[in-house]
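What follows are several structures.
What follows is subunit A paired twice: with subunit B in the first complex and subunit C in the second.
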Partner chain A sequence: MSDIVTINDGKAIMPGANAPENREYNMFIGPNHPGIEGNFALKLSIEGDIIQKAKTEAGFLHRGFEKLMEERLFIQNIAIVCRICVPDPDPNEENYARAIEAIGGIEVPRRAQFIRVLVLELSRIASHLFTFGGHAGTIGLYTMPNWSISDRDRVLDLFEELTGGRVYHIFNMPGGVRRDLPDGFKNRVRDVMDYVESRLSEYDDLFFNNKILLNRAVGTGILPVDKAIAWGATGPNLRAAGFAHDVRKDDPYEVYEELEFDVPTAADSDAYSRLIVRRREIAESIRIVRQVLDKIPEGPVWNKQPNPLKWRVPAGDAYVRTESSKGEYAYYMVSDGGVRPYRVHVRGASVTHGVHILENMLAGARIEDASQIMFSLDACPPEVDR
Partner chain B sequence: MSGTYTVPTGRPEAARGEKRSASAIVAAIAELGGESGFAVKAPRRVEGRVEAAALHGFAAALRMRVGFEHLSAISCVDWLADGEFELVYHFWSYRDNCLVSAHVRIPRDTATMATLTDLWQPASFFERDIHEMFGVEFLGNEDLEKYILTDWKGPPPMRKDFVSRDFAHDHFTYKNYEPSWDEMIDGGYYSGGQNGGQA
Partner chain C sequence: MAIDKIGSILRPFTALKNLAEKPDTLDVPRHYRPAAERYRGFHVNDLDKCIGCGTCAEICDNAAIRMVPVKGKEVGVGKTQYRPAIDYGRCCWCGLCVDVCTTNSLSMTREYTHISPDTDTFFILPDEKGIHEKDFPQGWHADEKINFLDLERVTMQELSAAERGDSFIEIVKGFSKEQAVKEASRCVSCGLCTATCPAHMNIPEYIDAIWKEDATEAGRQMYKTNPLPDVCGRICTHKCETACSLGQRGDPVSIRWLKRYAMDQIPASELNTLVNQSVVKQGGKKIAIVGGGPAGLSAAYYLVLMGYGVTLYEKYPKAGGMMRYGMPEYRLPYESIDKDIDFILSLGVELKTNVTVGKDIPVEKLRDEYDAVIMATGFHGGRSTRVPGTDHPMVFQAVDLLARITNGDEFPVEKDIVVIGGGNVAMDIARSLARMQKKKYGTVSLIVTSLETRDIMPADDEEIVEGEEEGIVFHPGRGPEEIIVENGSITGLKTSRCIRVFNDQKMFAPEFDKNDIEVYAAAQVIEAIGQGPEFDVFAPFAESLEMAGRRVKVDQFFQSSLPWLFIAGDIIKGPDAITGIETGHQAALGVDFWLGKQPDDTLSTIDEVLKIALGFQREQVTQLEAVLAAGSLAPAVEAETSKLLASEKADLAAVEALLAGRNTRIHLRQEMPRAVRRRDFKYLEAQKPIPAESASATIKAITEHASAGFRLYTDILFLTKSKELEFSLDGLRDHQKATAERFASLKD
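The block that comes next holds the complex of A and B.
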C-alpha cells in the first residue's frame, strides 16, 4: 500500500497521514468544555456536520461514594451523599434518610416532612434555573445565564439561612431535619417565591419566546414517547413526551399526597418542550412551597434518635425513590444490623438520559446541536460517576 | 450502541387498563408459574426471590404479561461470607404504580448472569456498571467495556474483599502532610539548597 493516503475523491493529501477511507472523522467534546454539563466527554464520529455515532465517556468525577459509604458510620454519610449531585443535592439527602427510616421503622414528625418538601422544591427551582442558564449558553444567548443564575442565588440565600450551607445542606437527619425554620423565615421564602414568579414572565420575553431559541430548539432532539419509555427516560424528559409520570404523584413520599399541584406535560418531545416543561414545573414548585408555608403544623422537627455515633440500623433493605429535578432518583440500601450501611446503590436520575439516551439521540443530529441536546435532557454527570 | 439491541417500541397490552393493588400483582406473578415466593413488603413494594436461570423468563413475562414497563435499576450486593452475589432487579409498573424487586443469588466465584438488554435498553448501563464494580459477567451483553474506571488495573473495587485502605498502603508511598518546620529549615529547604531556595 502506498503511503500517500487519499480520501474518497482520490485526491492526495499529506504523505503518511492516516486518513480513513470514508469522510468520517472523530471529534471530542469535553471533559472540560462549556457545552458539556459537568465533567463528561462525548466522542463523536462525524461526517460533514452530521453526527453518525456518539459515545459518552464518564469517570472524570468518580469519587467512590458507594464504597466510601460502606466504610463510614450512618451519620457520617449524611455529610457526603449530598455531594453526589451538585446542582440538585437534596434528593440524595432525602433518599438516604428515607432509606434508613424505611429499614429501621423510624417515624418523621409532620412538621419535618413539610420542611423536607420545602427544601426539595426549593432545590428543584434552583436546579431548573441553573439548567436554563446552561441551555441558553449552548445557543449563544448569554444574558439568560446571568439572569437565571443570579436569581438562583436568592434561593441559595434561603438555604444558607435555613441550613447554614448554600450548595450542600446536610440537613435531613434520619427521624426529621436538623433545624426548625428561623424566625421570619416564612416571609422571606414568600418574598423570594413572589420574586421568582415575577421573573418567569421576564424569562419568557428574554428566552422562552426568543426567536433564536425557537429556531434552534423547536424540532431538535426529538425523543418520541415510545422510545422515551423503552429507553427508560424519567422526569421532565418523559413528561415532555406527553407521559405524565411523576414519582411525587405515583409513588408519593413525605406529604406530597396532601398538596395540590399539576404535573406539566408537553406533546412535541423536542428540546423546546423539555425546557417549557421545566419552566412550568417552577410555577408548580412555587405553588407547592406556598401551600407548605400555609399548612405546616407546629411541633417537633426531629424524633430523637439514640447516640448517633452508635446508631445501629436493623438488618433489612429498602428501595426508595424521589422525583429530582432530573427525574427518578433512587437508593437501594442494605443494612446487616451494623453501624455502617452494608451497601448503598445510588441510582442517579441521569444514568439513562445522560448515557444511552444521549448516545441514541445524538446519532443523526448536527454537531452544533450536541451541546443543546445534552442540556435539554439535563444530564448530570456526577450522578453517573458517583 | 443503537445497532446492538432490538429496542422494543410500543407498549405491551398488559401495561394498559385499570390500576391493580399490590396484592393483585402478587397473584398475577403467581399465575406466571414457578414464582410463588413474592409478597407485599410495604405500600407499592412487592418483592421475592427468583432462581438465576429463571430470571430472564420471569422478567420477560413480567414485562409482557403483567405490564411492568420500566426497569428502574439493577443493584448488586456482595455477600462475602455466603460466597454469593445478590442481584436485585427493580421493576416499576406505570399502570399499577407498584415496584417489584426480584432478588437473585449467584455464586461469587463463577459470577455470570443472562443479560436483560434485549428486553430493556436501560439494563445496559446497570450491567456494565456491575461488571466493572463487582466483576459479574452478563452473557449476551456486548458492551461491557470499562466505563467509569477506564485506567483501573486492580480487582473490581466494590467487592467486599477489596479493602481500599490496604490497596492505598500497598500501592502509594506515604506522604507527610504535616511536616516539621524545624526539620525543613535545618534540612536546608529554605537556604537555597537542593530545592532552589524558596524563601
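The block that comes next holds the complex of A and C.
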C-alpha cells in the first residue's frame, strides 16, 4: 500500500463524505476573539459558508452579582452594581438607587435628578461611541475604533472630574448623588458636547457613508419588526425596526418629562439601521445634556439617609426600568425590611439581544457576518452573565 | 445631518486632513497624566487624627480594609492603636470608607499607578504620605454637605425649670420607642465605648438590640457585666459617650439614655429571664460583703450566681449606698434603685441592714464566720475646707445632708445658702436645697462657689446649666477664706479670687489673690469639696494590713495583704458608680479564684477519687445481692446476674486493694479546669435500687448502673492520669462497659 493518501483514496475510505449529514461542521468564535464583545463564545454549525445553527456560550464572566447583593448592606451595593455592565454602568446605579427610593418612599432633590440625567446621557454617548468602534472592527475598518474610543475618553474625563472614577462611577446613591457638580464643570461638558457633535460629520465621512460599511451592513442581519417584538427586543434594536419605544418617553423617570428630545427610528431593521439609530441617538443625547445644563436648579444633591451601617429599607418590592444604551434595563428588588436586599433581579437587555435574538438571527447568515450581527445588536456579555 | 447612502470609495480619505493635527495621546509613563480633583486614587490617612474606630473596615464591601495595631500610637479614651491597612488586591476604589470616616482623617490622592511583581506591596498601611511617599495632591475627600453619619443626637425631653423647680420629680423624661430606635441607629458599632467603660459593657451589642426593638436582648447584654443597669441608665458618668467616635465630628450617641430606655421596657418581674441562673453550688462557701453600694451589690450578684452564699451588711436602713443616699431623687428615682436591688436580692443574697460593721459586729467575727470578706464601704466622709468658722452648727457636709434628705430627716434650710464646691456632689446638694428653698420660701437664694473657673469645673456641664435655670447663682474661681459668724449665727462667706488651682506639675496647689475679696451673704454654708473613705473599720488590722498611700494595697484581684479580705468600690478606685460595679465584679472573681485554690474545695487527691469508686462498687454488690435474694428473676437473667455479682465483688476487692496499697495524697492534675475537678459525679444517682419484680426493669437498671460505672472510671482516669493507676482502672472500666453492653442486649 502506498504511503500517500490521495483524495480519491479518501473517498474510497469514507464513501458517505458528501452525504448531507456529513457536510456540516462546528466552529467556535470566542471566548477569546476580536470579533466578540468580551468573554463570550458562539458555537456555530456551518455548512459551506452559511450558518445553520448558532448556540451562544455565556458564563465566562459570571460573578453572581444578584447573590452578592443579598449579602451586602444597601449602601455597599452601590459599589458593585456598576460592574454588571462595563461600557454603560450608570443605568445599573440608576436602577438600584431608584428601586430603593421606590420601596422606601425616598425623595430625590431636583438638582440630583438633573445630575442623574446628565450622567445617564453621557454614559449613553460613551457607550455608543464604544459600539461604533467595535462594529467597525468586525468589518476591518480599524480607523474608526481609534477615533471613537479616543473621543469616548473625553466623556470619561468628564466622569472622572464629576464622580472620581472614569469607568465605574459609583456616584448614584439612594436619595441623590454623592457629590455636587465641580466648579466650571458645566462649561467643560459644553465643550465636550460641541466637540463630539463636530465629530459626528467626520464619522459620517469615515464610517457611516463608507462604501465598505454600506456593502457589508445594509441588508445584513435583518430583524423583522414582528419578530423583534415577539422576541423581546428593546432599545435601539427595536427602534431600528421602526417601533418607537423608549422608556424615557413611555415611562418617564427623573426629569425626562421636562426635556425635549426625539426618538430616532429606522425602517429597514438591518445592521446598518441599528448603527444609524445609535448615531442619531448621540445627537439627541447631546441635545438633552445641553438642556440639563441650562435648566439644572440650585439646591442640595442628596437627601440625608440613615447611618449606612444601620440602614433598613422598609419591606416591599419595586420594579424600576431605565432606557440604557442597550435597551430597556430593569431591576426588580424585594426588601424584607432588613439591612440588606432580600432579592435583586437584574433584567438586562443583553440577554434577549445577545442570546435569544442573536441565536435566531445567525441561522442562515454568512459566517463572515456573525461578528457584525452580534455587534449590531450591541449586547454586553458581562451583563448576560452578571 | 441627513445620512444619505451615497457611499464613495474615496470618502474615508477625507480623514487624511487630520494628519496635520497634534495628537491627543500621551507618552505614558514619561508623561504622567494628572488625575481630576476628585480622583479616587490610593488612600492617605492622617494617623494622628485617626482614632482607629474601624468604621471604614466595617463599610468596605470587599473586606479590603483590615485594622492593624500601630506601635507608638496613643491609646486612650476614644482612641485605639489600630489603624486601617488596605489590600489593593481587593479594594475597588469606591471611596465609601472616606465618606463614612468618623474623623475625616481618611482620604484619597490623585495617584493611580502601582506596579510591582511583589504582591506584598499591594497591602499597605496608608499614612499622610501615600503609597509611594510622593507628594500627590488630594483626591476624593470628605464633603461637608454629604454626611453619611447621623451627627445630631435625638433631643431628650426634660421637665422645664418651672416644672421641676420645687419638686424632686425626675427631670429626664426618657426616650419614646421611636426616639430610642432613631438614636440607636446612629451607632456605628466601633466599640470604643466598650474599651472605655470601666465595666466594659457590651455597648454596641445592646444598642444594636435596641435598634432591633429587642429590649430583652439589650438587657441580657447589660447584665453580663453590669447588675445595676437601671441605675447606670440614669446616673452613670458615661465615659463611653466621651469616647464615642461620633463625637469626633458631632454629638456622641446617647448611650446612657438608651440604656435607661431599654431597662425601662423590662418590668421587674421579667428580670430573671435575662440572667443565666444555672448555678453550680460551691460546697456551702459563705462570703460577707460590707457595704450595700454599687460595688457591694455587684460583688454580691456575681458571687451568688457563682453559687456562693452571700451576706450583705449595710449600715443604712436600705441598700444602695451612694446611689440612694448620695443621689438626689430628681436624678435617680428610688424605684429604679429598688428595681435593681430587689432583683439582686431575689437571687438569694441575704441583706442585713442597720448593721455597721466594726461597731455592731466586729470584723474579726466576719473573718471567722465567712470564707472571705469584701469591704466596699465607700466614700461617706465629707472633707472640710477647715477655714475659720467651719465648726459652726450651720455648716454642713453635702454627703450628710444628701443622706438626710433620702432618710426624710428634718434639718434647717435657711433663706440664703452658700455651697462650696464645683463637682457633681456640690451640684446635687445645691439643686436639692434650691428645691427645698423654693418650696419653703417660694424663691431660690443659693450661691455656689468653686476654686475652679467655669471652664474647668468638674461638674457635668448640663448640671451647671440646669442649676442656673433653677435659680442658682454661680461664682466660680473663688476660694473660701472665712465663714463670718456674728452673734453666734452665720452672716456670710468671705472669698478671695483663685488665681490657679493646679501647679505646673498638675498637682492640686491653689493660689489666691488676697486683695480680691468678695463676701456672699448666707445663713447656712454647705461644704461639698470632696469625700473620702472612713477607715475605722480597718483599725483592728492596722498593723498587718499593707497600705499604698491612702488606699489599701491590693493585687489585680482586689485581694489585700490579708488573704481573706478583698476591697472594692470607691475606697479602692473611682469614685463613681460604674467603677464601683467593675471593682465589685473583679473582687467577686478574685474571691472565686482564691477560694478555688483552697485544697478542700474540690477533689484534690487520688484517694478521694478512689473512695468514690469504692462506694460505687460496694453499692453494686449490695444491690445485686438483694436482687438475687428476692429470687423472682427468670433463670437466664438470674444466671447472668450471679455472674455479674461475682465479677463486681472482684472489682470491689481490686479497688480496696488499690486504696490499701496507697497511702498518698498525690494531687490531681492541677491544670485541669476547676469545673472538671469539681465534678459531682451526678450520674451516680442512677445507682438507685434495682427492681426484682420484672426482668426487663432489672435488665434496664443494671445496664444503667454499668453505664454510670463506665463514666465514673473514665472520669477517674481523666482526673488522675497516673500511669500506676491506669493499668488497674482500665480493666474496671472495660468491665463496666462490657456489662452495660451485655445486659442491654439481654432479652427477658
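Note that the second predicted complex is superposed on the first by the 366 of 386 C-alpha atoms of A that agree within 3 Å, B and C clash if a C-alpha of one lies under 4 Å from a C-alpha of the other, contacts with A are read in each partner's own complex, and residues count from 1 in each chain.
Basically, a residue touches a chain if its C-beta (ideal position, glycine included) is under 8 Å from a C-beta of that chain, and two chains touch if they have at least 3 such contacts.
What you are looking at is a predicted structure, and each value in this text was computed from that prediction instead of being measured.
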| item | value |
| --- | --- |
| Superposed partners subunit B and subunit C on subunit A - clash or fit | fit |
| Which of subunit B and subunit C A:Trp231 touches, first, second, both or neither | first |
| Subunit B versus subunit C as contact partner of A:Val351, first or second or both or neither | first |
| Contacts of A:Tyr319 with subunit B and subunit C, given as first, second, both or neither | first |
| Contact breadth on subunit A, by residue count: subunit C or subunit B | C |
| Touched partner set for A:Ile149, first subunit B, second subunit C, both or neither | neither |
| Vertex subunit A, arms to subunit B and subunit C (CA centres, degrees, nearest 10) | 60 |
| Partner chain(s) touched by A:Arg72 [first = subunit B, second = subunit C, both, neither] | second |
| First (subunit B), second (subunit C), both or neither touched by A:Asp385 | first |
| Per-pair minimum CA distance [subunit C against subunit B, superposed on A] in Å | 8 |
| In the complex, subunit B residues that touch subunit A | 1-2, 7-11, 42, 44-45, 69-73, 75-78, 88, 90, 94, 97, 99, 101, 120-122, 124-126, 133, 147-150, 157-158, 164 |
| For the subunit A and subunit C complex, residues of the former touching the latter | 72-73, 75-80, 143, 150, 153, 157, 160-165, 168, 170, 178-180, 182, 200-202, 204-211, 213-215, 218, 276, 279-280, 283, 300-302, 304, 306-311 |
| In the complex, subunit A residues that touch subunit B | 53, 55, 57-59, 62, 64, 66-67, 71, 102, 226-227, 229-232, 234, 243, 245, 250-251, 317, 319, 321, 328, 330, 332, 334, 342-343, 345, 347, 351-352, 355-356, 359-360, 363, 384-385 |
| Subunit C residues touching subunit A - in the complex, by the definition given at the top | 1, 3-9, 11-12, 14-15, 24-25, 35-40, 55, 58-59, 61-62, 92-96, 99-100, 108, 139-140, 143, 145-150, 184-189, 208, 211 |
